[in-house]
Amino acid sequence: MNKRSVAIFASEASVLCFCLAPFLYMLATALSSTGAAYLSPRGALHPTFLPAFLPTLEHFRSILLSPTLHFPRYLLNSVGISLLAALFSVAVAAPAAYALTRMHVPGAQILMFVVLSLSMFPAVSLVSSLFRFMTRLGWINTWQALVLPYVAWSMPLALWTLVSYFQQIPMELDRAALVDGASRFQALRFILLPMAAPGVFSTGLLAFIFAFNEFLYALMLTTDSTARTMPVAIALFEGLHGEIPWGEIMAAAVVATAPVVLLTIVFQQRIVQGLTRGAVKE
Amino acid sequence: MSPLILLLTVLVLQPVVGTVADSFRRDIVFLKPAFAGVSNYTALLDDPGFWSAARFTLLFALVSVQLEVAIGLAIALLLNEPVPFRGLCRACVLIPWSIPAAVSGRVFQLIYDYSNGAANWILQATGLAAAAVNWLGTSMGAFCAVVAADVWKTAPFAAVMLLAGLSAIPEVLYQQAAVDRAGPWQRFVYITLPQLKPVLVVTLLFRTIQAVCIFDVIFVLTGGGPGAATQSLSVLAYSYFGSGDFGYGSAVSALLFALALLLAMLYVRSTRNSARNGTWRRA
Amino acid sequence: MNLVLENLSKQFRGTGRAVTAVNGIDLTAAEGEFLVLVGPSGCGKSTVLNLVAGLERPDSGSVRCGGQVFASAEDHVFLPPGDRNVAMVFQSYALYPHMTVFENVAFPLRVSGKKLADIAPAVREAARMLNIESILTRRPAELSGGQRQRVAIARALVRRPSVFLLDEPLSNLDAQLRTSTRGELKRLQGGSRHYHSIRHSRPD
């Protein structure tokens, strides 16, 4: 093995290490029987490091089955809200993207830029008024209180991404479909949508991940503990007894991140495609 | 169809627009709704807490964004080559990005924990430090911890963007360079970097905007502490909301908004330029 | 049924200037006639085809086929492409990449609401005429240029159009294919069907 391949392997190993170490650490802590005690830095390399590490599921059991915590409920909230947000974002953005690319909309470019810059507002600037607004509607602690702002936030990005996907579909196919006798709707359904399906899916996926991971709105718009989403639950988790129960916190973290990590691993190509659409123009 | 779509779009944007308008009005309303003019803003300018938060936010954004773009670039350069296990690496690279910021904040809270954390354990086990470092108890340590957590989470995003940019560089340029007998460093400086410039600029600006607005990680990791050492502008605004002072908090968040808007305009201008110079055109 | 173009004009408004693509053209194609428009690129041939197909609206003048008015600027009549029974083969063939050859050819019948039982035989008949029966299950990406063109022609034929438009049908083919395709088009046109075809190619 020559020097170059050693260097390459070392680099790759360090990249993997960089990306996965905290995550693996989270997993290890969640599974360890002694909580985090085996990691206490008492002097040099702890001689009882390995024997102390007996994988156990007790942390998972205690957080999932505890009657005072509501982790399954939080997971349900998170998944449900994110799913709805993703669906609505795409449902609104897709026809708009179609209209912008396929029909002559005056000032389309300006509209797109305005819409995009709207999604760059700092969340904190909007959240106080959103709170007042939601309180007035009586929507605090409901799913719609979160779904609507999430849609409003991710729809511009979805629009931008979908426009880019739609632009890649040659206009000539539309015209061929028209000459073949298809109505606009039939053209959309039989030609455009099937071709755009991967792009639509990627966009929805990104919207889901964003909604799932969102923190500030979820924090401020829920006051009841059963209405929380996973990220908020993790952040506010103080544990049942005095000392910080790292084992349980990390177990909760694993449960919280499992859905998105799984999605990312399975659909990583789609995700990368969706993310880079806007930045790199071919 | 088209007017209907636009109407729907506007309707969805209503909450955003509404809150924007709202927050501007509310800035001049004090705790009990009363017109307070610009007194909030003037008080803000005199408030040392505000300025320290502003300083921290800018410093944080500067350090964090540069680090993550540098690391992201390194990762992208590596993954652009046909190295073994490339697919595995790519998948793993996305994992930090996909984890909720709040969760990663918690994990790093553990890592930097004084008695239980891995950071101290590693430092002591490898002999790099004599005694455990009080990361979260000192302002310097907390700063490092927060930057580390943020960089870990966002370097993958930069890597993905830059990797896409790298793969769009025409191979023929490198072939020409090989013929011209340019070494690897020269290839990097004279071909890779200039070709990458549009993507770099976009990524830098985009990330800077996000870094300036940073909230999740800081709130969970340090809560703004110790004291107010790691309080970003967002966290500052939130703390005012928490204590009921909506007027003052709104003023802070409005200023933050102005800053983000400025950066966003820069971003829009730069993408418009690259759109003009590139081959991107509407169908 | 004659195809009549009368005083047809079309202007395009670009950024600032207006370009007159077609300027008051008068054209008559008799039934069964094989009409060829020849000219340098940019002289408006595609625009004429688009006007006949209904992909563009005329600024003045009219397009008529038999007794039916396809489009008339003065009388504010415009029949959408689907109602005109016009078929068109595009220069790039415009095959739907996510569909098989069979589905591509069947598409015009499908969107006009024909039942599946009626569609299959018609598709096979068109495939037989164009010699593409062996590739019915393939996707466009797997086909050669000549095969794609034949699929495009089959798709156009399957509806029994009254007007058959071909846009630069030979330009994407190599010399050998060009000769054989010219022959095939003549053969198809000489069949029992009554149709017009306007075809244009650059002078070879």
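Labels A, B and C are assigned to the chains in the order they are written; within every chain, residues are numbered from 1.
Rule of thumb we're sticking to: a residue touches a chain if its C-beta (ideal position, glycine included) is under 8 Å from a C-beta of that chain, and two chains touch if they have at least 3 such contacts.
Predicted, not measured: the structure shown is a model, and the values here were computed from it.
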| message | As a test of understanding: of all chains, whose mean C-alpha position lies farthest from that of subunit A? | response | C
| query | Which chain lies at the heart of the structure, taking centres as C-alpha averages? | reply | A
| remark: Rounded to the nearest Å, the gap separating the Cα centres of subunit A and subunit B is 16
| field | Whole-Å gap separating subunit B and subunit C, where each centre is the average of the chain's CA atoms | value | 54
| In whole angstrom, what separates the CA-based centres of subunit A and subunit C? | 47
| note | Residues of subunit A that touch at least two other chains are 170
| What does subunit A use to touch subunit B in their complex? | 8-9, 11-12, 15-16, 18-20, 22-23, 25-26, 29, 35-37, 39-41, 43-46, 92, 95-96, 98-99, 101, 103, 105, 108-109, 113, 115-118, 120-133, 148-149, 151-153, 155, 159, 167, 170-171, 184, 209, 212-216, 219-220, 230-232, 234-235, 237, 246, 249-250, 253, 256-257, 260-261, 263-265, 268, 271-272, 275-276, 278-282
| note | Contacts from subunit C onto subunit A in the complex sit at residues 53-55, 80-83, 86-88, 90, 92, 94, 96-98, 107-108, 110-112, 155, 159
| task | Using the touch rule from the top, collect the residues of subunit B that touch subunit A in their complex. | result | 1-2, 5-6, 8-9, 12-16, 18-20, 22-23, 26, 71, 75, 78-79, 81, 83-85, 88-108, 110-111, 113, 115-118, 120-121, 123-125, 127, 132, 152, 155-157, 160-161, 164-165, 168, 199, 202-203, 209, 212-213, 215-216, 219-220, 233-234, 237-238, 241, 246, 249-250, 253-254, 256-257, 260-261, 263-265, 267-268, 271-272, 274-275, 278-280, 282-283
| note | The residues of subunit A that touch subunit C in their complex are 170, 172-173, 175-183, 186, 190-191, 194-195
